[in-house]
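Same chain, two partners: chain A is paired with chain B first, then with chain C.
Moving on to the complex of A and B:
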């Protein structure tokens, strides 16, 4: 059957007694209990747990549920389905976040700029205009046979 | 006459492949087992040699159309198979490689429960892949496309109790799905403008609009792990080694490139799309080769090598050379599958050790496996007259003699030298030097189930290039004249890479361990791409999704659209009309005047 009314989440706790009762309900210490701010979004008295994913929990400790690294009765995060081991990992990276972002963006922007430069200055085999014999085919192109053909210089490559 | 024989033998091959799926349904006593499935694929391989020989002899392209699904009065989808150079050559190669992998897997997966289910999954994957290859219309291709994606998910997450394997399988499916957006976009465009999904009708005399081509390139990006949608391929190494050998080296990852080969007549006229392919491929091949330089897991090195070769195939598509791309696919299948099988043999013999820093001197302990590993690595580097040479050297020659983006050319050449470097690093750390394995490992490769497939694939990787190029006439004239330095560019760059690797290995033996520096960090964490994308986007998507689904929708429907909204409306109306109900004579006189003025103005 369902949970009884006093075990379900309730309204935002206003007095210290309500806070203590809510902390007891969620199986937390009163010092640790911190509800979400009361801004009309409907969190009620659900505790605001630190945004840490299950990757950060000790893999070698004997958890009650080892696959999700969770003990029985422990309060679950509001976004717990985001923080399981198949989804987001919030464990600290060896390199700080802003360094990672900076290095990656430097790499990506360098590549894109160089690709752009490569488009402007492409690489190709050396080519030259075609050179025809017989004074640039003067007679075959309908030139006057009595006149002197114009001088054509050819280059040897 | 020959055409009939061709089609009949093709259908026979397909039936043989389907038989392990169908026979248990028809007979009550027949049970599948790994050996029956292996034998079925072996028979199918020998059957598929018949249509290949007939095709090479007659050089007739055939499109076989059966039945028709009348989706709409003007739009019919037949079950059509295209029998042309690509499908006829790929069938024997895929079946040969699959046969060797299945034979190897009978030994590798012997200690697993549910081996028959594993082999059935591999068989279903093969059926989906062959459907993709032989499809003549986009619908059948899409069926095969999705089929290989799903089987990849099931096979990567084979050891489903392991959270990393599940994450990797999920990654594979999601990245493939992003590519599928592109494929469905181009299918929709084709259906709207050309009213067909048949590939032979898709070439119009005018230029094809860039949008469907971008869709196809996105599909190839997703399926073939180009830069931007690449993280799933190294993560897919969580699956068992036969899965990595079959899917993520020879067959599934080439499906994206194969799509671009099948639709190359649409790409050929659009220079923007070709340049995009070229640049994307060059970036992918360099990025993957850079990441492979600092990896320590043997399977990850081979995975990045696959990713790099896929980038090279994309570069070849960008050069408008589909036949050469297909040649590279074929030769790559042989030596890459062999590399994975050798690594699987090494891993099993060292009782699950995958870190190359803990292997050494395996040349003496596992001579056959490591010799074949060397042959595979030489073929990968493009050693003259092994299989990889015929395709890779030709690609680099074409690159050097074409009109193309200079940076793409430089990146590809750099990636070729990196290929030599990381291959040699892997060879040196695994096969030579002092033993770094624990002293009590018992290595044993006397089982012919291991050695026969590996030796068969080694023979294939030596001979395949020569055989294929001898019997298939090229459709475009290759560049014939070029300066000596251009002709030998590939060899020189490979040798430079080898020298670099040897230099670095002597450095590691004589100097202290490397400290962290920018380039080492960038390379070993795969360019920071994984943490940056896999933390930022899912967090934003999932938390915003949760907020919209629970807070916003609850807020709007239960509150604003319901009681609270109604209450707000009421209070607003009440507040505005309070001024009139206050009892002051001035307001009453004002309303009288206003109403008389309104009535008078309507009368006039």
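Moving on to the complex of A and C:
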């Protein structure tokens, strides 16, 4: 694009001057600017902003782009498209997250264990083989209508 | 006789440390976690502002930092508003932050990438591993089916879908 080379992201800053220049480039204070650790993952000198979604930003402030709650020129998070308001929400929950996870896992494991036990040890009312009328459906099963059908009793006295 | 407030866990359990009223705590237990610590914010959930001690501290350093951030923000807003309310506005008001973000994520990755033990390991696990795994899985499955068919033991599934 038309931006000059020194306004574009570059490699990881090594000296304090490079850090100051990078902070100025990204419109941040030098104290706030913190690049991603230099692990060779391809981040370069892009700033590491706090991992907060845009749900948490003030809804009443006059943002330049109100739908994404972002101002013109403000450094964008690396995962900006993940943290928009249609997607991941990291706003604080009334119940701590570890409590929610614990309750959910207790519920899920209880249900799964009970279903498993129900599969291994099924329990139902006693059943017997199905009884058909008309001498065990003698005519429907192709029996000879001229002959006497065999008498079938399903009970014992 | 323990002179200082050092509680002896094994010996002085019946003798409370100085300043403690009841035995509800352990003899040498840690202090109760603060609300912020009890909340345990993590990658998925952030700390509420009410529990964050940072909101309640009004030190001059913090004020100065906020003032500097506000100055930067105001400067950027002014630039934007000047372009927006220009009688001859440009067709598209480019956002340099957006351009930098897109560039960093696409074109700046390869120049700044460096093969390290961690990246090589992840590359093997996520890029090469699945290829080899699925190739082996399909091959073994097909060979097994072929063997069964040749021996005549394979029952062909009849399905309309």
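Just so it is clear, the second predicted complex is superposed on the first by the 114 of 157 C-alpha atoms of A that agree within 3 Å, B and C clash if a C-alpha of one lies under 4 Å from a C-alpha of the other, contacts with A are read in each partner's own complex, and residues count from 1 in each chain.
By our rule, a residue touches a chain if its C-beta (ideal position, glycine included) is under 8 Å from a C-beta of that chain, and two chains touch if they have at least 3 such contacts.
Bear in mind that the values here come from a model prediction, so they are computed numbers and not experimental data.
Of the two partner chains placed by superposition, A:63 touches none, neither chain B nor chain C. By the document's definition of touching, both partners, chain B and chain C, reach A:93. Legend: residue contacts after superposition of the two complexes on their common chain; A:9 is shown touching chain C, with no touch to chain B. More residues of chain A are touched by C (comparison of chain B with chain C). After overlaying the two complexes on the shared chain, residue contacts for A:41 are found with chain B and with chain C alike.
Touch criterion not met for A:138: it reaches neither chain B nor chain C.
By the touch criterion defined above, A:85 lies against chain B but remains apart from chain C after alignment on the C-alpha atoms of chain A. In the superposed model, A:111 makes contact with chain B only, not with chain C.
Using the contact criterion defined above for the overlaid structures, shared-chain residue A:52 touches chain C, although it does not reach chain B.
Shared interface residues of chain A, touching chain B in one complex and chain C in the other, are 40-42, 78, 90, 93. Residues 161, 163, 166-167, 170, 275, 279, 283, 401-409, 482, 518, 521-522, 525, 527-529, 531-532, 534-535, 538-539, 542-543, 546-547, 550-551, 554-555 of chain B are the ones that touch chain A when the two sit in their complex.
Considering their complex, residues 38-49, 65, 68-69, 72-73, 76-77, 79-80, 93-101, 103-105, 108-116, 118-119 of chain C touch chain A. Listed in rising order, the residues of chain A touching chain C in the complex are 1, 3, 7-12, 25-29, 31-32, 39-44, 46, 50-52, 56, 64, 71-76, 78, 80, 90-93, 96-98.
On chain A, the positions that touch chain B within their shared complex are 40-42, 67, 78-79, 81-82, 85-90, 93-95, 100-101, 103-104, 107, 111, 114-115, 117-119, 121-125.
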